[in-house]
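The following block contains the structure, expressed as C-alpha cells.
Chain IDs A, B, C, D and E follow the sequence of writing; residue 1 opens each chain.
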C-alpha cells in the first residue's frame, strides 16, 4: 500500500452541519412514523376489508421495495406526475416518513395482536366496555411492547437518511461526498463520516438493548 | 399531469432483465457467504473467549451502526487502497454486502442459539451424548430451524439494500432503471416498473416467511 | 335486594355451545340452577367443558342456543337462527371471575389494577376506590405490595391480587376457573385460604378445580361435568365420596389415585 | 510499483479497464445493452487497439471517478477535466478537446430574466442550479456563484430530471452536453454560454498518480495524433449525431 | 454384575453445593446411602434443594466439595481447592434421568428421540436400536406414536416417551424430578403407571414428587429434604404417616391440606 493518510484534509464543520440536517430529518421522520404509524396500524387491522386492503398493500409496498427506489421515485416522479415540488427537506421527510410508517405500523400491529386474549377476557370480566378495553389494556401494553422495535426502526431510519444524499439533501452523507470529491481524500472523509454515524447510532442501540433486557425481566 | 406510456419499457426488457440478474446474482452470492459468516460470528459472539466476543461484537455493532451506503463507498474506494490490491466492482459489492449480511444474520443465529433451552443440554448430558452429537444432532438443527424465518427476512433486507450498489456504479436493476429513465426521459414509467419488480420478488418472500414461521412454530411447538 | 329466597340465583337453560361452526360440540345441553349462597364446585375430565361453562356464564363466549339468567333476568340468550348471542352487560357486571393464568395487567401496579374497573365502570372517585382497594389488600395480606408490579409478585400473590381485583366491583357471584393449578404446590394454600374466607362470608361461587381436598372443603354442592353434559350433581359427600354414576367414580378414583 | 511500465502491465492483463461515468456526448451508455459509446469511449477503444488489448468499461459515477482511479478499480478514467486540484490527486493526458460550461434552463421560467448573459445575471437567491457532483462544472460554478443554491446530484440523469421536474431552475453542464439536452427538448429548453466564460478547460484521460512520465507520454502521443488529424472532431460529430438520432 | 449385595448402590458423602460463588448455599452437607433395589422418594419444600441433589447425581452441576459413588466408584468428586468437579462419564452413563419439563428434542420424531443416544453413545446399529425402541414404545402404549413429533403429543405421552428414551441406555438407576407436576391431573396417572411398572421390575430409582399418593405407593424409603439438608429419612409409613420432625410434620400437613 502506497497511500499516505491525511486526516487534516477532512474539515469537520461541514460534516457537523450535515449531521445536524441528518438528525433533524431523523427526528421529523420518527415523529411521523410513531404517530401516523399507529393510525396506519389501526387501519390495517380494520375489520372492514375495503378499508384494510389498500392500507395493507401500502404497508407491504413500502416494506418490500428498496428505500432508495422509494426516495428516487418520490423525488422525481411525484413532481412530474402532480406538478408540485415541495422543498427537498419536506420531500425527504415524506419519503422516509412513509417508509417508517409502514415499518412501525407492522410493529404496532404485531404487539397489538400479541396482547394475550386472557387480558381481554379479564377486561370483560371486570365490566370494561370495548373502548375502555382498548384504551386501558390493549394500547398501553401494546405500546410498551413496541418500544424496542420502534427505537430500532428509528435508528435504522437515521442510517437510511444517508440515502437522501443521492437526491441532494445536504445531510451528513452529502457533505461527506462533497468533501471527498473536493479534497480527493475519499478514504479519510468516508472513514470520518462512518465514525460519526456510528458514534450517534451506537449509544442508542445500547440503550435499546438495555430497555429490551429490562422489559424481558419485567414481563417474565 | 402527464400521460403515462409504459410500452417504451418493452424496448428495454432485456436490459432490465440483465440488471435484475445482477441484483439477484449479487443477492444470492451474498446470502450464501453472509449466512456462513454470520453463523461463525454468531458462534464467536456466544463463545467463552473474551477476545473473540469483543472482536465479533465490534464488527456487528459497526456494520449495524453505519449506513450501508457508506459501507459501500468505503469498501469500493478505500479498501483497495488499504489492502493494496485491485478489486473488481462485483468483488467490492460482494464484500460489502456480505459483511452487512454477516452482521445482521449473526444476531439471528445468536438469538436462535440462545433460545434453545438449557434443559435441552441437560437432556443431552443425561443421555450421555458426546459433545459432537450434542452440537450436530441437537443444537444445530434446532438453531437453524428456529433461525429460518428471521434469516428469510434478512435475505429480503439484503435484496433491498443491494439496490444501493447503483450509487457506486454497479449495473444492477436500479442502475439500469436510472440509465433507461435518463435516456428515455420517462422516469415515472421506468422507476415505477423497477419498484414493482422489486416488490414482486420481495413480497412473496415475506409471505413465505410467515408461512414457514407458522409451520416451524407448529412443529417445534415454540 | 330483589332476590327472593325461593328464586334461583343463576339458571342455565338448555345451553348449547360449539366451536368451529358446530364442528366441536363443547356444551351439549346444560341445565343448572344455582341457589343464592350456594358454592358449586365443578369437576370433570380435561376437555369436558368446565372452563367453557364458566366462560359462557361470564359472557366471554358466543353460544349456539339456550340462555342463562341471573336473579331472574335472562342476561345471556341466543336466537338460535342468527347465532348471535345477546348479552346484558349490566347484569354481567354482577359477576366476577378469576382465571387460571393470573390475568393481571402487567403495565399497572397492584393498586392500579384494583382501582381501574371501579373508576372506569362505575365512575367511582380515585380516592375512594384506592381506599377500598388498600383495605382489601390488607385483608388478603398484601398491604405492602400495593405499589409493586405484577412481575414482582409470586404466583400465589398474583392470584390473590386477581381475586381482590374481581371483588372491587362487589360481585354477587364469583367464578373461579382452576385458580390454583398453575401454582407451586406450596403456594396453593394461601390462595385457597382467601377463597375460603369469601365462602365464610356466604359469597355465592362456582369453582372449577382439580384439587379434591379443596373441593371437599369449600363445596356445598358438586357437579361432575364430562363430554359437555352434567353427569352427576349432588352434595359433596355423594359426588366425591360415593358417586352414583360409573363415569364419576372412575374419574374420582383416577384423580384420587385410589386405583393403581 | 514494478520496474516494467504501466501499459505493459495492462497488456499482460489483456484488458484495458476504462472508468466511465455518463455525460453525453462524451460518454454514453446504451441502457438496452449496457454498451458504451460517445467519442471518449471511442478514443478508449482505439487506444486499447494500440495496446492490442480488449477495452472494458467499468460503470461508475462522477462522484467516484477519481476515487475509483485512486483505488485502482480501472486503468484510466474517461473525460476528466484538467484542473489543478485534480492534478494533485491524479495525472492527466494532454487534452483531447476544449470544454466550456453552459447553463440550460426552461425558457418559461420567470426567475430567469430575458437577456441574462452572465453568471452574475442568474446568481440570485431562490435560483437553484443543478450540477453533477464532483465534476469540473461543479467546481467551477461553486466558485462563481454567491447567492444561488447549488444542488449536487450524482449523475447526468438526476440533474436533467431535476430541471425537467422543475426542482432546479438551471442545469450547469458542459456546453456539448447541454446542447444535446436543448436539442432533445426544443419546445422549452434553451442554453446560454455565459460571458465571461465560466471555465475553459481541456478534457483528457485521467491517469493514476503513480504513473511515470514515460507512461503518460504513451497516451499523450496517441492523443496528439488523433487531435492533429481531426479524427477527434469526427468522433465528436458522430457521437452528437448518434444522440440526436436516438432521441427521435 | 459387580454389585455385591452388601455394597450401597449410591453413596453421597458430605455433598456441598452453592450457586453464585458460594453466595447461595443449596446443599449443605448431604450424606445418603442408597441400596440396590431401593426406591427413594425425596420430598420437601420448594427451593429445598431436591432438584439440585438429583442434578448433582446426574453430573449436571459442579459441586463445592464431597463426592458421589456409584457401585463403589466415586464418579463425582471435587478437589475443594480448585472448585473443579471431576465427573467419570462412563459411570454416569449407568444413570438415567427424566425432568419435569419433557425435554424431548422437538425436531426429532418420537422414535428418533429414542434411538439417538444408543446410536451415538454406544454405536448401536440403527436397525437394532429402532427395534428395541419400538418394543419399548409398545410396552408403554405408544406404539402408534413412533413417527409423531413431540409437539403432536399430550403432556402425559411426552413424559412417557422421555422415560422410554432414558431406558434405551439400560440404566442401572433412574432419577425422576417432578415428572408429573407439569401435567394435567388426568394425565398424571398414565405416567405414574409407567414408573410403577419399572418399580415392579426392581429398577432402583430416586424420585422427587409433590404427589403424596404416588409417593406412598412407590417409595420403599422417603427422605424429607429442606434448607439443603436431610431433615428426616425413613420408611414411607414413618415420614409420610407419622413424621418425627416438626418441620416434616408441618410440610406434610400443608401439602395434604389437613390444616386450613
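The rule is simple: a contact is a pair of C-beta atoms (placed from the backbone, for glycine too) under 8 Å apart; a residue touches a chain by one contact, two chains touch by 3 or more.
Keep in mind it's a predicted model, so treat the numbers as computed, not measured.
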If a chain touches chain B and chain E alike, it appears here: none
Chain whose average C-alpha position is farthest from chain E's own: D
Dominant interface by contact count, named by its two chains: A-B
Whole-Å gap between the CA centroids of chain A and chain C: 46
Inter-centroid spacing, chain E versus chain A (mean Cα positions, whole Å): 53
Distance between the centres, which are taken as Cα means, of chain E and chain D, whole angstrom: 81
Intercentroid distance (Cα basis), chain D paired with chain A, Å: 37
Chain B: positions in contact with at least two other chains: 73, 77-78, 81, 167, 178, 181, 187
Contacts with 2+ other chains: residues of chain D: 67, 70, 154, 158, 161, 164
Touching two or more other chains - residue numbers and ranges from chain E: none
Full enumeration of touching chain pairs: A-B, A-C, A-D, B-D, B-E, C-E
Residue ranges of chain A in contact with chain B within the complex: 1-3, 60-61, 63-70, 72-73, 76-77, 80-83, 155, 159-163, 165-166, 173, 176-177, 180, 186-187, 190-191, 193-194, 197-198, 201-202, 205
Sites on chain A touched by chain C in the complex: 116, 118-119, 121-122, 124-129, 132, 136-137, 140-141, 144, 217-220
Chain D to chain A touching residues, read off their complex: 1, 63, 66-67, 70, 85-86, 88-90, 133-134, 138-139, 151-154, 158, 161-162, 164-167, 210
Of chain E, residues touching chain B in the complex: 55, 58-60, 89, 92-93, 95-97, 99, 101, 103-108, 116-117, 120-121, 149-151, 165-166, 169
Chain A - residues contacting chain D, complex: 2-3, 75-76, 79-80, 83, 85, 88, 166-168, 174, 177-178, 180-182, 184, 186
